[in-house]
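Look at the two complexes coming up: chain A is in both, with chain B in one and chain C in the other.
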Partner chain A sequence: MKRRRAATLVPYFLSAPALLLFLAVMIVPLIMTALLSFYDWGQYKGIVPEFTLKNWREMIADDYFLEVYVRTLRISLLVTLFSALIGVPEAYILNRMSPRWRPLCLLIVLGPLLISVVARTLGWALLLGSTGFLNQALVSLGLLSEPVGFMFTETGVVIALTHVLAPFMLLAVWAALQRLDGKVEQAAFSLGASQFSVIRKVVLPQIIPGILSGSVIVFALAASAFATPAIIGGRRLKVASTLAYDEFLNTLNWPLGAAVAVLLLVALVAIIVGCNRLIERRFAQVFE
Partner chain B sequence: MSKRGELGRNGPLALAFNGLFLAFMLAPILVVCVVAFTPEGYLSLPRRGLSLRWFRAILDYPEFITAFRDSVWLGALSSTIAIGFAVPAALAIARYRFAGRETLLSLMMSPLMIPHVVLGIAFLRFFTQIGLTGNFFGLVIGHVIIVTPFALRLVLAASTGMDQRIEHAAASLGAEPFTVFRRVTLPLILPGVVSGWVLAFITSFDEVSMTVFIASPATNTLPVRLFLYIQDNIDPLVCSISTVLIVLMAVLMVVLDRVYGLDRLFVGTGKG
Partner chain C sequence: MAHLVLDKLSKAFGNQQAVSELDLTVAKGEFVSLLGPSGCGKTTTLQMIAGFVEPTSGAVTLDGADLLAKPPSKRGLGIVFQSYALFPHMTVAENVGFGLEMRGLGRAERDSRITEALTLVGLASFGERYPRRMSGGQQQRVALARALVIRPPVLLLDEPLSNLDAKLREGMQAELRAIQRTTGTTTILVTHDQSEAMALSDRIVVMNQGRIEQIAAPEQAYASPASAFVAGFLGKTNRLDGECTDQRISVAGAAFAAPAGTASGPVTVSVRPERIAFGPASPAAIPGRVATRVFQGAHWLFEIETAQGAVSVIRQNTGEGVPGEGDNVHLHAASQDLLVTERRP
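What follows is the complex of A and B.
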């Protein structure tokens, strides 16, 4: 009897260290940050621990904040869209590739995930600048009459972020393709369906859950990206995460920075949870 | 016969798309590596032959070398600690159905979904309050939180797939619980533990968005130093440093691919 009581406690003993760690150094700091967003701040008095709605009012009243959040949303949606447009076909093509070439292609596609985002963004900065290599190539090929500056523009940020995040879309779709039964495709072919209609009517409906969960991941990572928008966007083109950074380390208005960060977190969690609910309800049978 | 060929193979259009996609993925990485070999004093393609001057120039910037050393230490320490927390938690989650199991799992995976900037801000506030700012120990704590999901995911996949009857056999032959863990369980989940450690190390080594908040001039990581440098100016020096990083990661990547498989490494969920 005693032994059995002890056995039911085993999982709690095993998980207690991790649980305590996460409560103490992640949940507590997050709560402290939420509280901080309700504190007062002044240029000369610093942080004053008195409850105020000042920071939240300022965020709602000032159009600048709205503009930054709308920009963050727009960039994240575009990155998600482009990642799907290039990642989904690539996953399908890779899946059909001969086993001789597939490992190498996978290494090239997934490898960049392990390379520092700073190094990859540096590459885009070199390519995208108005004297950058992409412009030089396009002008010398006669495709552009004069260089176009992609640096410090949303287009540049979207291109670089799509490069950073498309592999995540590919992975999600790849996982869905692995579960696919090749025989169904073969059956459709042998019944005379064209390649296009096999993809549209047989493959696509089955990998849509993969595409959607990939989209949620890419969207979340795009909305919270920091290094890429900071380098490509420069000091003027702000997104939510670079704005929070600015308030914290340049303006030193921590309470306002905390409010910016908390709003980003809350909005993101609401969007992710909402999308996951929707996907699970709509495609419940696929996840069984 | 012809139908079969049509089904299995990619057409020329598909292959062209694949080529463009691979070029898109490689272009920014290659351009950094090529520019690093320029003999000129400014950003340019090495047209007059290759030069190592910008690699030698790294040695004139000791702050990058100390940052590299700190990054390696930080990565090694935080991944080891994260594995220490992840292994028991993974065993509990994989084997037992207990109250709070789902909550524990989502709590430990949550750093994947919480923006790293928000975590950085939270750690900065927390460390300022408890007097840990600009401290290497603070960096380690922050990185443990960020890399634990990666360690947990791979260890969990390994523990879920493992045959528990072998442990029961060892126990029924009289082995103590800790002996069973050390001699039976650990060797069986070792591939997951090792890959989890490596993935955690790489994640920690590359992390910028959270670290930039809690790093200080005295304790700084290489990617953060690189990031702050790039914000001011871009020159061939950052290209040569990035090239060193890219080559190091490429080596680790090939090893991981051989040992574990890159696609499994990233897809690997609790279900194995």
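What follows is the complex of A and C.
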């Protein structure tokens, strides 16, 4: 009896170090941030550890916050959409490539992830600026009469974020493609399907779980991205993460910044959990 | 009546000759097996007929029309893959209906043909199931129904039964044969399992290293194999090294007249275990000693120790006495049951 009880405790002992680490570096700071969002703050008195709903009330009352969150959501959705449009065909082509060229092409595709976020984003700033390469090229080709401001716009942020996040979509879809039996495509061809029908009716439906899990990753990373919107979006085009940063480090209103960050976290968790539920319910019978 | 004709069909992968100058004529409604060890080129041949592998040279014609000029999707052949290759995201009915949908058939006709095909394979009530929820044997039948529902002129089967367990496999063999008889579809089966090939086919094509060793009816190929390879691959056989001198063959202490036309020199004598009998001592009989004796119900299995190594012998259980382990015996075989081939020293 005693031994049996000891045996049931063993898994807890074994996972205790990891659990403690998680508790120390993730759960505790998160709880502290959540608590901080209920503290009071004043220009001259600083942070006052008194329970108040002032920060939350301010976020709900002020349309400025709503605008920032809607913008964050819009950018994240567009980045997810474009990453899928680019990443899915890319994964399909890479998967069919001869083994000789595949590693090289994979390296090129995963390239953005290997470059420091600052160097990559400043590179985009050089390309997207009003005197940047992209504008000059479009103007001299006669496609534009005058330079378009990509910098400090949502378009610019979406382009730069899609560039770095599309590889995550590619990896998720590729994993799904590799679980496909190649003979299934041959079977479809033998039954008279065209290449287009094979992709639309046989390949795509089978990799939808991969696309959806890739979308969750891309969406979460886009919504919480900081450096890219900070540099490309600049000081005026705020998203949730840059807003929280400003409240913390410029206004020094830590409680309000904490409230912004906590709301972002809660919204992300809600969206991702909801999506996962949807995927599981929709595909449970087909894929297990 | 030539239906499907392979004419000098060859395929090389780099320097590797997978299939060389394969000639085969299949009649309408015939069941032909391509049999051989792995790497003999049988699957490559099937893939060339299906259109998934481009031949290096040669031709394939169906009713006189060039098949190689068409892409796989226009050949209209039914294919059953070893892995079944069912569409996991579709129900059984949707799987079977896929080929009909691609042919632009209307809903009503599609449904009646799906029901017909599923009834043929005994899965009439399984239409709404998903493949993952079915056993291997059931998935196999779905794959067969999906291939047959388009009424293909030729059905190609790529090791269709090798993923099933032994008992299920025997049942499926009988069923496959019955379905093929019912539909009258010309069928080409690729297999490495000689008993499967013999049980199912009208003719067997024994392949080795990209070449045809023999094309014959199963019983003919078994009774008179064209080469030592065929003898060894089709069923069990004993191979004994011997010597031919002056039209006499001496092997393991026995000597008998050589078949006409046997050149002097080293030879291999092949003989089936069930064609060896025990008898009295004679110059033409191989002396030996019973090493093991295993009772198998319908027959006895013997391993006989001879001067040339172990020889296996199968005797029907006729109720008469048989030699026991350790007994000295003499092995007899009729001259028409011996296959004598030249052996390179």
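To be clear about the criterion, the second predicted complex is superposed on the first by the 271 of 288 C-alpha atoms of A that agree within 3 Å, B and C clash if a C-alpha of one lies under 4 Å from a C-alpha of the other, contacts with A are read in each partner's own complex, and residues count from 1 in each chain.
By definition in this document, a residue touches a chain if its C-beta (ideal position, glycine included) is under 8 Å from a C-beta of that chain, and two chains touch if they have at least 3 such contacts.
Predicted model only: the values in this text are computed from it and were never measured.
Once the two complexes are laid over each other on the shared chain, residue contacts for A:R120 go to chain B alone; chain C is not touched. Looking at the shared chain after the overlay, A:S190 reaches both chain B and chain C. Of the two partner chains placed by the overlay, only chain B lies in contact with A:L107; chain C stays clear of it.
Applying the stated contact rule after C-alpha superposition, one finds that A:V202 touches chain C and leaves chain B untouched. Of the two partner chains placed by the overlay, neither chain B nor chain C lies in contact with A:R71.
Put chain B and chain C next to each other and count what each touches on chain A; the higher total goes to B.
Once chain A of one complex is fitted onto chain A of the other, the partner contacts of A:K238 are absent, as it touches neither chain B nor chain C. Contacts of A:S15 after superposition: chain B is touched, whereas chain C is not reached. Shared contact residues of chain A, touching chain B in one structure and chain C in the other: 186, 189-190.
Residues 3, 6-11, 14-15, 17-18, 21-22, 24-32, 35, 43, 45, 84-86, 88-89, 91-93, 95-96, 98, 100-101, 104, 107-108, 110-111, 113-119, 121-126, 129, 141, 144-145, 148, 202, 205-206, 208-209, 212-213, 223, 226-227, 230-231, 234, 238-239, 242, 245-246, 249-250, 252-254, 256-257, 262-263, 266-267 of chain B touch chain A in their complex.
Note for the complex: chain C touches chain A at residues 50-52, 71-79, 81-83, 85-89, 98-99, 102-103, 130, 132, 143, 146-147, 150. The touching residues of chain A, when paired with chain B in their complex, are 8, 10-15, 17-19, 21-22, 25-30, 32-33, 36, 86, 89-90, 93-94, 96-98, 103, 105-127, 133, 160, 163, 166-167, 171, 174-175, 185-186, 189-190, 195, 220, 223-227, 230-231, 241, 244-245, 248-249, 254, 257-258, 261-262, 264-265, 268-269, 272. For chain A in complex with chain C, the touching residues are 181, 183-184, 186-194, 197, 201-202, 205-206, 285-288.
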